[in-house]
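Several structures are given next for inspection.
Paired with chain B in one complex and with chain C in the other, chain A is shared by the two complexes that follow.
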Partner chain A sequence: MITAFAIFSDGLVYAAYLFLVAVGLTLIFGVMKILNVTHGSFYAFGAYGAATAVGIWFDRGLSDAGGFLFMVGVAMLIGLVIGLILERGILRLVYGRDEVVIVLVTYAAFLILEDVIVLVWGPRSYPAYQPMVSAGSIDIGELTLSNYDIGLVVLAAALAVAVWWSLKYTRYGRLLTVVIFDREVAAAYGINVKVIYTVTFIIGAMLGALGGAVMAPKISVTLGIGVEVIVLAFAVVAIGGMGSIEGALIGALIVGLGRAAAVHLMPEIELFVIYAVMALVLAFRPYGLFTQPAPRKI
Partner chain B sequence: MLTRANLFGALVFVAVAISALFLPPWLVSLATIAFANALVVLGLVILWRTGLVPFGQALFYAIGAYAVALIGRYTPIRDVFVVVLAGAVAAGVVAYVIGFLLARYREIFFAMLSLAMSMILYGILVKSEALGSTDGFHVEAGSFLGWRPQGALRNLALFWLVLGFCAIAAWVVGVYFRSVAGSMAIPMRDNEIRVEFLGLSVDRLVHLKLVISGVLAGIGGALAALAVQHVDPQMAYWTTSGGFVFVTVLAGAGSVAAAFVGSLAFELVRSIAVALLPGAWQLILGSALLLTILFLPEGLGSLYSRLRRKPAAPKEQPGGPS
Partner chain C sequence: MKHLRWSLALAAGLTLASGASAQQAAAPAAPVKLGIVSFLSGPAASPFGVPGRNGAEIVIEAFNSGKAPAPYNTVGLGGAKIEIKWVDEAGSTAQVVTEFRNLVQRDQVDAVVGYISSGSCLAVTPVADELKALTVYFDCGTPRVFEEKPREYVFRPSSHATKDNTAAARYLIAKKKDITLFSGINQNYAWGQDSWKDFNAAMGVLAPKAKADKVLFPKLFQGEFGAEISTLLTSKSQALHSSFWDGDQESFIIQSGARGLQKRMPYVGTTAESAIWRLRDKMPDGTIIGARGAHGPLAPDNALNTWFKGIYMDRYGTPPTYPSYQMALSLLGLKVAWEKAQAAKGGGKPTTDEVVKAFKGIEYDSPSGKVKMALGNGHQGIQDTAYGTYRFNKRTNQPEVVDIVRYPAECVNPPSDKSAEEWIKAGMPGAKC
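On to the complex of A and B.
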């Protein structure tokens, strides 16, 4: 029983993390049909930015709650700037090329940004544990849960609702849905697709940076975190269906709970299980659990 | 098939083999790795011509490498020809089996599924003690049909071995490119349904491509394991696959020769960049890839054919000197 509860709580926290990372990726894919490898860099930049912000804030001994907001704000600002530069500077030039070619373009940008991180922050790692510590923890039965983790789950759930609500009920969300459905028809009706693309990419980048920022206190921010996170996000998004927000949520829950179960019951298969699930889903439903296959062109 | 191009290609290989005697040892070692990796790139070129980009080719590379390492660890067999062929067979069998699944996929789904496959292997390798876990393990020096060279002579012998495999692979792939199955690559990229109306099964053609590229990657991995004398799970990680894709795009799918020249150029640029600007070599590589995609969509290989074709009308299809 205690193991089951531990699996459930660990899995939920891990799923929250995965959803925060994957939601931006799936949004960009849904609207722009870009499988964005650079998302790993957004995450890494967010984490580094947050770690720096935490360092500055807590060294001065300022209030804890403000520290969290400052950390998130800095990270999202970085996401905004990088997203804008990438979309306007590079991706704009390759719209209309093969999807696979655009993946390679984002891969090239990812390599460049990996070194930009080294140039800006250097090779050392940055601890940013203060928000995690100051949040404290609570005991439920025999288990100790960190309040920060609980906050993470709440944040992910709130984000899921917010994204779903804005897609459905806001003006921008509805325009987005039209563009997702048919880009050309949307343009013919006078929707400025270019602006939608730029805004979507920036939102995606900011969400990626947010994922990095809220994870920074839980991990040691160090080189190579973007490399790891991007394959995980790919797995989540591929399981749920690329471009689907519900898909990202379900994918995150499947991978999160699956991994937590593996960690507690059979640690040897921890890494294996994520990609095995991904391969299995792709084998039976290549377009993921939540998307319909696109018709073949003749 | 003793065409002029084949003869020229054979002469180039012999010239490179002889020149190794006069080159500094570091360059021979670098070229050994570069040409071993070029075999993987050659396999990717086959797929890239159809528009398929596997982000998990490291799967076959790692299988080839681990086959060599495991044979060295658990059996007394040390002969390099036997172990490299074992690596090729192992990778080929895996490619054949997962090909039934993978050959039905295209575009991003192909890339993702192949990525998943290689990450499964990575997950297995990292977590299993019998396979060396995260550290991997040492690969013993092999013997060449009973001959056991030491030191510099071993490096030279290994280089010639790699070169020999490259020459055979280049010839075979050249023949394949001119065959019906191979020459369907570009029509398949343009429109699969039309190819099916010709009476060919596109899935089967892709399956064949997968097996060929898997075998090539297996040989490449086996040779790389012998050259580096070490294997670790990083060989199956997605960044390894990304590196191969990188070289493929840089070299272009125009010809067989481009894979070898591209791979050598990549290793040279990488070691120079790492030596001169240790903190910025990925930045240099990324920029090179970006500029290639933006301005030379058919790769650096197309520069050469563009220059050559300018004076006269195009004479032959890409497939070029092998």
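On to the complex of A and C.
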């Protein structure tokens, strides 16, 4: 019983982490059809920004809750700035090119941003554990759960609802849905697709930075964290369907619960599980669980 | 008067001659070129690469100025100043080998000192022998480098990983005599797998009644360990072995600390020393601290250690961790071998083969105690090692390692005629503890 509960709770926490890092990636792909490798950089910049913010805040002995908000705010601001620079400075110039070219451009930008991190923060690692430690823990049977982890699950759920509601019930969300459905028809109806692209990319970048920010208190913020994340995020998005918010949520839950079950019941196959699920889904549904194959335009 | 003129001419001549000969004697020897390879970027840079690089920088500066303590107070290597070519170890194994070839063939370095990843060492070793390039490994831990076949141009003064785990088992059993159950969490690659294999086998020999319960191998740089921590929380294990390093180690300690894991089972970290200055009071009291040797706070109290800690603190404002010590002792070994070869040929720059011949089987002092090049036909060093228990001193606001137990090199290393695995499985025969 305790193992079943542990699998469920661990699966939810891991799924929350995966959703937080994958939602921005899938949003950008859905609207812009760009497989954005720099999403790993957004995550890394968010984590570094958050670690710096935590250092500044807690060194002054200010309140814990304020520290969390400050950390998230700083990270998302960094995401906004980097997203704007990348979209206006680089991606704008390659719109309309082959998708492979755009992936390579984002990969090049990712490598450049890795070096920018070394230039700004140096090679040392940064701890930002105060928000996690100050959140405390709760005992459930033999298990002790971190309140911070529970907060992550709540945050991921709230974000999923907020994104769904925004797409469904706000004007911008409906415009976005039209662009996702068919950008040429959207443009024909007078929607300013360029502005939609810029805003979407910035929102995606801010979501990536948010993922890094909320994970920073759990991890040691160090070089290379963006690389690890981008691989996982791609797996989740591929399972759910490229560009589908619901798909990212379900993909994260499948991977999170599958991995937690493997760790508890058969740890030797833990690494295998994530990619086995992905291979299985893609074998039967090559476009992912929530994306329909699109007819080719002539 | 004539006599006076001759005397003046003779004096002037002698003065000029002696001046010329003094100039000739003081003419600096051609510099020795060293390639220093360490992780300068990527996840291994912060805990290992940069401390290793920093250790090289200050030790070579001390060599070049002749200000290292005796007997290392000659200038550079045998009077020739050292020029450094820094190389980043980050990248694929193929890239590491390419960079090694560039150092040897393009840059014509006299020796290469470096390498942290066991994968790098295993890949570079055959190339070093092929190119006949003197290569000194400073950190990589795999015993396989010298166990798979004899090597000629490769040396590793730092001990290999076997002693980290045999000593950890001895320390744990001394502290928990009634241990019956233990678990392990190690990264899923050669280092983590080998570390667990050695530790588990050593526990089997030293405490046959103790059994391994949860054996976890998460992905390298996984970062998020919620499920692993829950699994361990459901175990009744009395200790948790880990060779985690870098962000994985710090992330695991932070996450498991928040969930009270270490109140149930102490963390036995074979590389935990590298994290204490960053985690400080977040490293739980009672953590068993290893430093891949008697390095850092586990180092013996000797003049070389006092000197090395002092110059490191003065330059970088933080105490040196074990990679810095390993780099220092590797460079000291190279200096001893170089100057021994130079003395044997009666001066001048020794050839690579002469240094290789001189390096085999040497013994010398280092900040972390005596190094004996006793294994691998004189190519692999052994040293005494030590383990201790962590405590954060709230009064001084500084980390401390207490209850330090020292283990002689011959207690925790295999003899020269056996592989580590064979020796442990045979019950560690001949261990002199």
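The rule is short, and it goes like this: the second predicted complex is superposed on the first by the 295 of 298 C-alpha atoms of A that agree within 3 Å, B and C clash if a C-alpha of one lies under 4 Å from a C-alpha of the other, contacts with A are read in each partner's own complex, and residues count from 1 in each chain.
Methods note: a residue touches a chain if its C-beta (ideal position, glycine included) is under 8 Å from a C-beta of that chain, and two chains touch if they have at least 3 such contacts.
Small disclaimer: the values here were computed from a predicted structure and weren't measured.
*Asks:* After superposition on the shared chain, which partner residues are touched by A:T222: those of chain B (first), chain C (second), both, or neither?
*Replies:* Touch status of A:T222: second partner only.
*Asks:* Have a look at where A:V118 lands relative to chain B and chain C in the superposition and call it first, second, both or neither.
*Replies:* A:V118 sits against chain B and chain C alike.
*Asks:* Quick one: classify A:L271 as touching chain B (first), chain C (second), both or neither.
*Replies:* It touches chain B and chain C both.
*Asks:* Tell me which partner A:R259 touches in the superposition: chain B (first), chain C (second), both or neither.
*Replies:* second
*Asks:* Between chain B and chain C, whom does A:V13 touch in the aligned arrangement: first, second, both, or neither?
*Replies:* A:V13 contacts chain C only, not chain B.
*Asks:* Scan A:V100 for contacts with chain B and chain C and give back first, second, both or neither.
*Replies:* Touch partner of A:V100: chain B, not chain C.
*Asks:* Return first, second, both or neither, reflecting whether A:Y48 touches chain B, chain C, both chains, or no partner chain.
*Replies:* Touch status of A:Y48: no partner.
*Asks:* Show me the chain A residues, by the header's touch rule, that chain B contacts in one structure and chain C contacts in the other.
*Replies:* Shared contact residues on chain A (touching chain B in one complex, chain C in the other): 114-115, 118, 123, 267-268, 270-271.
*Asks:* Given the complex with chain C, which residues does chain A contribute to the contact?
*Replies:* 2-3, 6-7, 9-11, 13-14, 17, 114-115, 118, 123-125, 127, 129, 132-133, 135, 137, 142-146, 148-149, 215, 217-225, 228, 259-260, 263-264, 267-268, 270-271
*Asks:* Per the contact definition, I'd like the list of chain C residues that touch chain A in the complex.
*Replies:* Residues 40-43, 45-47, 49-50, 188, 214-219, 221-224, 226-228, 230-231, 233-234, 246-247, 249-251, 254-255, 257-261, 278-279, 282 of chain C touch chain A in their complex.
*Asks:* Using the touch definition from the top, list the residues of chain A that touch chain B in their complex.
*Replies:* On the chain A side, the touching residues are 35, 90, 93-94, 97-101, 103-105, 107-116, 118-119, 123, 227, 231, 234-235, 238, 242, 267-276, 278-279, 282-283, 286-287, 296-298.
*Asks:* Within their complex, state which residues of chain B touch chain A.
*Replies:* It is residues 51-53, 55, 101, 104-105, 107-109, 111-113, 115-117, 119-120, 122-124, 126-128, 191-193, 238-239, 242, 245-246, 249, 279-283, 285-287, 289-290, 293-294, 297 of chain B that touch chain A.
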